[in-house]
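In what comes next, subunit A is part of two complexes: it sits with subunit B in the first one and with subunit C in the second one.
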Partner chain A sequence: MQLNRRQALALSAAAAFGGLLPVVARATPEATAQRIAAFAGAAKPAMGKITLTAPEIAENGNTVPISVTVDSAMSGDDRVESVMIVAEGNPNPEVATFHFTALSGVAAATTRMRLAKTQNVIAVAKMADGSVYLDQKEVKVTIGGCGG
Partner chain B sequence: MLSRRHFLTATMALSAIAQGTFDGRWARAAAQQALSESDLLDMPATGNVTLVHLTDIHAQLVPLYFREPSVNLGAGAAAGLPPHLTGAAFLAHYGIAPGSASAYALSSQDYAALAQSYGRMGGLDRIATIVKRIRAERGPNMLFLDSGDTWQGSYTALQTNAQDMVTAFNALAPDAMTGHWEFTYGAERVKEIIDGLPFPFLAGNIYDAEWNEPAFEAYRIFERGGVKVAVIGQAFPYTPIANPRWMFPNWSFGIREEDVARNVAAARAAGAELVVLLSHNGFDVDRAMAARVAGIDVILTGHTHDALPEIVLVGKTILVASGSHGKFVSRLDLDVRDGGVKGYSYRLIPVFSDIIAPDPEMARLVGELRAPYEAELKRELATAETLLYRRGNFNGTFDDLICRALLEERDAQIALSPGFRWGTSVLPGQKITVEDLYNACAMTYPAAYRSTMTGTTLKDILEDVADNLFNKDPYYQQGGDMVRVGGMGYTIDPAAAMGGRISAMTLLETGEAIDPAKSYVVAGWGSVNEGTEGPPVWDVVQDYLGKHPSVRVDDNTTVKIAG
Partner chain C sequence: MATPKPRIKVPKTAKVGEVIAIKTLISHDMESGQRKDKEGKLIPRKIINKFSCTFNGQPVFACDIEPAISANPYFEFNARLSESGSLKFTWVDDDGSIYADEHQIEVA
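Showing the complex of A and B:
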């Protein structure tokens, strides 16, 4: 199930705030990988279970809609604890982290983020049993204007 | 595809080219004798469903000349595959004789010479003849679908705010359409038109940008020949990027493959036995989508203006490419039984205007729609000494003419002209009329700006557009062609990575290399930015032609292809 509108708006406000943090350095794929490793702990992220939906080309880099869903029963050990979204090319790689409980019912979230340039956006899910899953998508930020 | 009669035609046209002095009218008469309306339209029916497809007519109501591209490179996995074959390679691939009617319709080979023999193509009255005939033969089995780019691209469409095309297509009576350039009339006008359409405007990939909810009807299920046919609409995914987003700020587009898959599943669950994607994705995007989304039986492609004489099969999915500008109508007969397509037959019908008789009703309607503008449409601006055309990955001669006008009239060092794929051709010796000019630039954001750009900015623009055209992943391509450049030469390596394709940028007036740090005066048109200032580009070109009553534009040599 998707978040309702009010929740989605709250999330986008949170994401926008995250983008305003005064970080000078631009993230690198290496810094992003380190952040993912710290989130994953002992586990090695595997592909599967988590699906990141994002546009191939952003219509407006200032507000790019993304959604994430994790295939999980959300009970017992088959439960998503948290999902982290990171962006390799933004000043601060971490965009948002969503926390879930069994009461969440499903692990799904939608938000909007700012992308300064073409880059990979990565979603990582940590499960209750300690396993970690990852999905990524390249989102292109273009000057635009000559198609047709 | 060729019958013996076509070959007769081919022989005659070839001799006309070889000898050069042949009277064009004689060759044309011969061509007409060899090819009849029945040759083009007689087709024994196959199965229980007939799909008739039209796309990218770009508001062309009357017969025209349109030269197909001589350069149409494919990127990544699409390299060397149709539709990325041109000229002799295209003819060889499909077994088409050089000089034949099919060669004229489908390729750029000997275009100007063959145009003398085979005449203009298209015209909504001829298309109406074809549609009505198929409707008469296949009525309850027929579904007629339009992939869009229907409302924009001519003087009359611009003057009437698309009403001429809406009125004409309502008379032609398609069963559904989707869109792209339609949106450049602005959200209010689009909504007003769609509210009055007697058929659905389908687009599952357009969302309300504020609430992130579907903004249009995604699919409609029709019953034809006892078969439930689902038609899913897919508008051009990158409309808000390739065209001005500020004109329809509340609509968000995108490929949204997951929505296509969801709509296919929903249509199947609702009992659809045949699933058709009515698409404006562009051919390479559709080819990728056919391989990635299960359950689509037919994709009626659009946007990239490809005319293919045979279907392309991806797994079990049939892809149809019906060309542009009303040059072709596609007919796909399908035998749908036991939950699947058991057989099909396909014909890309070339709309030779001298062979297919005009439908009197549509001819009258088109005449009425054009009557208020007829004098202006026919007004002659200059003579073309050489063939003027646009279509192709890099500068066409019509674009080079527009760039010359921008350089001279706007007193600029460098001119940029968008790489649109619409726009008709003018034959050597013909007058360039107001209609011809507007066919190359009629749109709702025509301001010819004049500004300064650094060498770095110019390089960034060329790299950006090149990646939109040549990205190896078709989902990252926007269609369109490379931005046309006047006053500056460059070399492009299409197979290189983003940022590394463009080199040897040279200012032609001095021959010196473009300096990344230096500023240059640039004139262009078709900017997607709100508030762009300048005279409409058609005024700029008219002023230029007023001073140059005879124009000679040879094929471009300042864009070089490397790799």
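Showing the complex of A and C:
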């Protein structure tokens, strides 16, 4: 069979796409929810207090800048103990957990993370009094940042 | 790979109770354990799994790191100090290596 140029291009594109399909199990929203429940303990996560900043569209999934800020005085009982970042569509949901202390001054941190595909990124804050707050952002990813 | 080299940005002086910004970066591949080599074999995971910052021995900020953190891990956080002293930064590698750096800060 003789392929014309257009058919050949379509075939190679299909092959390339097939080759990129993940072979490993992906984190699912369910696994992510379980992870959040384990982190939150008895408390039920509420919205508010915590702000997750992430780009709406990330061209390169290898380095996506993310920031979290929690509204807290960081002294006495009004303190943030830790903030966990999870991602729903990565091979593993865990991304990082930040631990703050009274010396931190404010509960804010910035880092760069990998995103395999377009997905929700979730930040969960645990306060010293046991309450838990959550924020979520969808990040559209043009080029995935895992595997290869 | 060359020995990971930490780079840290901390102000030299601060006022008592002022919230200062600290920026850290360390060169590291952060091999996720998901990638494959040319023969299709998985490249084993090798990342920095813990970062911490202490001030005169007291914890300021710490982070548990998973493979989803980008290569050359970057962290930006804050500190509120009430005395002069030294900020110590520590990164722990999967292979047990520890990379550390220290910065003096004048607080008045």
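As a convention for this text, the second predicted complex is superposed on the first by the 118 of 148 C-alpha atoms of A that agree within 3 Å, B and C clash if a C-alpha of one lies under 4 Å from a C-alpha of the other, contacts with A are read in each partner's own complex, and residues count from 1 in each chain.
Simple rule for what comes next: a residue touches a chain if its C-beta (ideal position, glycine included) is under 8 Å from a C-beta of that chain, and two chains touch if they have at least 3 such contacts.
Remember, predicted model here, so these are calculated numbers, not experimental data.
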Applying the touch criterion given at the start, work out whether A:Val70 contacts subunit B, subunit C, both or neither, answering first, second, both or neither.
-> neither
Does the superposition put A:Thr110 against subunit B (first), subunit C (second), both, or neither?
-> both
So, does A:Val132 touch the first partner subunit B, the second partner subunit C, both, or neither?
-> neither
For A:Ile143, is the partner it touches subunit B (first), subunit C (second), both, or none of the two (neither)?
-> first
With the two complexes superposed on chain A, say which partner A:Val95 touches: subunit B (first), subunit C (second), both, or neither.
-> second
Give the label of whichever partner, subunit B or subunit C, reaches more residues of subunit A.
-> C
Would you check which partner chain A:Thr53 touches, where first means subunit B only, second means subunit C only, and both and neither mean what they say?
-> first
Overlapping contact positions on subunit A, where the subunit C interface meets the subunit B interface | 110, 145-148
The subunit C residues in contact with subunit A across the complex are 19-20, 32, 34-36, 55, 58-71, 73-81
Per the touch rule above, subunit A residues touching subunit C in the complex are 24, 62-64, 67, 74, 87, 90-92, 94-106, 108-115, 145-148
In their complex, what parts of subunit A are in touch with subunit B?
-> 5, 8, 53, 55-57, 59-60, 65, 110, 118, 138, 140, 142-148
Interfacial residue positions of subunit B with respect to subunit A in the complex | 180-181, 211-212, 237-238, 240-243, 245, 252-255, 258, 418-422, 460-461, 464-465, 467-468, 473, 475-476, 478-480, 482-483, 498, 526-529
